[in-house]
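Labels run A, B, C and D following the written order; every chain starts at residue 1.
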Amino acid sequence: MMASLGPHAGFIVGAYLAALIVTLAVIVWVWLDYRRQRRILADLDARGITRRSLRQGVSESLS
Amino acid sequence: MVHTGGAMRRRMDHMRGWRAQLMRLTSDNLACRRGGRMVFTGVSFAVAAGEALLVTGRNGAGKSTLLRLLAGLLPVAAGRVGWDGGAPDQSVGEQAHYVGHLDALKPGLSVRDNLAFWTAWNGAQAEGIDAALAALALDGLADLPAAYLSAGQRRRLALARLVAVHRPIWLLDEPTAALDVTAQAALAQLMRDHLAGGGLIIAATHGPIGIDGARELRIGATIGAAA
Amino acid sequence: MPISDFANPSKFLTLVSRVLPWLAVAAVIAFAIGLTQAMQAPDDYQQGATVKIMYLHVPSAWLSMGIWAVMSIAALGTLVWRHPLADVAGKAAAPIGAAFTLICLITGSLWGRPMWGTYWVWDARLTSVFVLFLMYLGVIALYWTAEEPSRAARLAAILTLVGAINLPVVKFSVDWWNTLHQPASVIRMGAPTIDPSLLKPLLMMAVAYFLLFAALHLAAMRNEILRRRVRTLRLMQANEAAS
Amino acid sequence: MSALAALYWRDLRLAVRAGGGAAIAALFFLIVVALVPFAVGPDLALLSRIGPAILWLGALLASLLTLDRLIAVDAEDGSLDLLMMTPMPLEAALAAKALAHWTSTCLPLVILSPVLALLLNVEFSAMPAIALTLAAGTPALTFIGLIGAALSVALRRGGVLLAVLVLPFTIPVLIFGVAAANAVIVGPAPFGPPFTILCALSLASAVIAPVAAAAAIRHGLE
């Protein structure tokens, strides 16, 4: 399936590898950030600090 | 000078591990020049262990300047600051806590990390940190970044240094500013304990700060001499 | 789902948690198809197999500019329509845009290496993408230094719009400064000049890239909303302790 | 030692944090180096010849200009007062802060320099040499900048004043840094002598600067 990559194969593989690395880096960063925010929120929730709007069902603001 | 139970103090001293048996801080004819003008001259007072001195005077009289001068943060224009007892090799500033208007807190660090840094910087044991936070009712906010604290909470965190690190002399610049009633009561209790333990307090203030038997030093109006 | 529902963060979060998995799967499938097509596409008569780098380089170039457009629309949303989620969208898109611009730069440099004999030749097209990369870093730096989200939002929105206005100026001036890169072969007034057999995988990869961006952007926006909730809750924690 | 270590780690953490100075200095370095080709033109031969000089100028400006807040931040929030009220000499504290700044700000510049060398068409063989000279020379820049930071705190004026005050002192570092870097590219001149002088400059400034900076702060007390 892989057509021969010719004399400059190194650069082609290099380019695809670099693209893959940067993409994976972004995906991992987003995923870790998500987990970190969830952990902090869970910790705050455990301390009983919940959003007042949840408690009183007030219309949602960005908080 | 009033002795408040020598035995009790010696036990407290031993318990606190101070080498100081009896500490006296004296100043005679102190003068300080700041910003090109002579802020005050001829200030003399003597404070012994277990005593508190309230420095009063109108704004700009030099109350804060006197405290910074005692802390070694300002050059002495004239006169002398003397102390006997305590650690002869250390200057007054190295044996004193100074709580000025600024709280010396980093917004990026958490409440606990801020206090932990100052404890480590002064070479004190880390065990005292949580007790100090609890003493100022800050234990619930230990992990909160200092940026989120209110002025009163920041003030209490600054005061928590007094508990976390043991130093005989407390130089407090309007300690009750920004504190609510409960915090002021807690501070008064801390000060009483400190005095009972043989410490000294010199506080610049406008009114009483809840410790009885404190003498007053008025500066600025006339060339104040301690009563 | 009326558009106004997007304005409500909680509804948006539930929307994200529903849509995100599908978007991710779609992106993976699109990449699989695109990559296989790219591998089977014939080589270019001049460059030989190195043309295969184009399938990474060109879509990421389109996307780097497309994401700035998304940020500009978000900036208008923040400044003009006061849409609460607009700034969240702008702030979430900036790092992703910088990442795709970086991919474009790296692949462009590697693609040019065989032809130019060196990794970086300051040719016009790559240089304007490089300036765009610097602009992305500027917006990210602004978000870093500003503490308070709503103030940062307005400032970043202004910077983004200034950037959007500046892009054509940069493009023109860099072109004038040096033109070495082959003329824009795909986006031409007329039909694209490259052979359809090369074009099909290119468009497929472009779709794959877009789906990847959409998934990452929604996930990053979710993170940003959670981050602001943490900030609000921490403020509440301080206030409740004080009272 | 734990007191100085605590100060070092505190400053490091604050600098590396998102809003801290480290990332901004790296971006400044990137942008300054990227600007030169636009001014000089895309002539690769010329760029590769002046590459080391551009990298050195960029590193010098990036490390100096992020230094003026080094002490001012502590002065403004009251930390400087407390840092001075301990048996620990102020010189040691300032040296620890300077090292924290070097680790958080200058080290990333050294690591970033090969990537930027690509932009300037610098040969691969020269990249490690440039990184090495930067690693040896930036401590001198940081410590010289420390003096400037202390002066700008005492004078209560921040910003570019620091650069104006101390830039003349950085000239020897620049000369020997670029000379050492060029020695690898241009060739005839040996790499050794300029590099050792550069290291000597760094060591000397590591001793002189904290003393001078502490003196500046003490005399600036108001």
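To be clear about the criterion, contacts are C-beta pairs under 8 Å (C-beta built on N, C-alpha and C of every residue); 3 or more make two chains touch, one makes a residue touch a chain.
In this text the structure is predicted, and so the values were computed from the model without any measurement.
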What is the identifier of the chain with the smallest separation between its Cα mean and the overall Cα mean?
-> D
Between B-C and B-D, more contacting C-beta pairs sit at B-D
Greatest centre-to-centre gap (Cα means) from chain C is with chain B
Between chain D and chain A, distance of the C-alpha-averaged centres to the nearest whole Å = 34
Chain B and chain C, separation of their C-alpha mean positions in angstrom | 56
Centre-to-centre distance between chain B and chain A (centres being mean Cα positions), rounded to whole Å | 49
Approximately how many whole Å separate the CA-defined centres of chain B and chain D?
-> 38
In chain A, which residues are in touch with two or more of the other chains?
-> 47
Give me the residues of chain D that touch two or more other chains.
-> 19
Residues of chain C that touch two or more other chains sit at 147, 234, 237
Looking at the whole structure, which two-chain pairs count as touching?
-> A-C, B-C, B-D, C-D
Spell out the part of chain C that touches chain D in their complex, as residue ranges.
-> 109, 118-123, 127, 130, 134, 137-138, 141, 144-145, 147, 177-178, 180
Complex interface listing, chain D residues touching chain C = 18-19, 23-24, 27, 30-31, 34, 37-38, 41-42, 44, 118-119, 121
Under the touch definition given earlier, write down the residues of chain C that touch chain A in their complex.
-> 8-11, 36, 39-40, 43, 48-50, 52-53, 56-57, 60, 84, 95-96, 99, 102-103, 106-107, 110-111, 113-114, 212, 216, 219-220, 222-223, 225-230, 232-234, 236-237, 240
Show which residues of chain B lie in contact with chain C when the two form their complex.
-> 137, 140-141, 144-145, 147-150, 152-153, 180
Partner chain C, residues of chain A touching it in the complex = 1-9, 11-12, 14-16, 18-19, 22-23, 25-27, 29-31, 33-34, 37-38, 40-41, 44, 47, 49-52, 60, 62-63
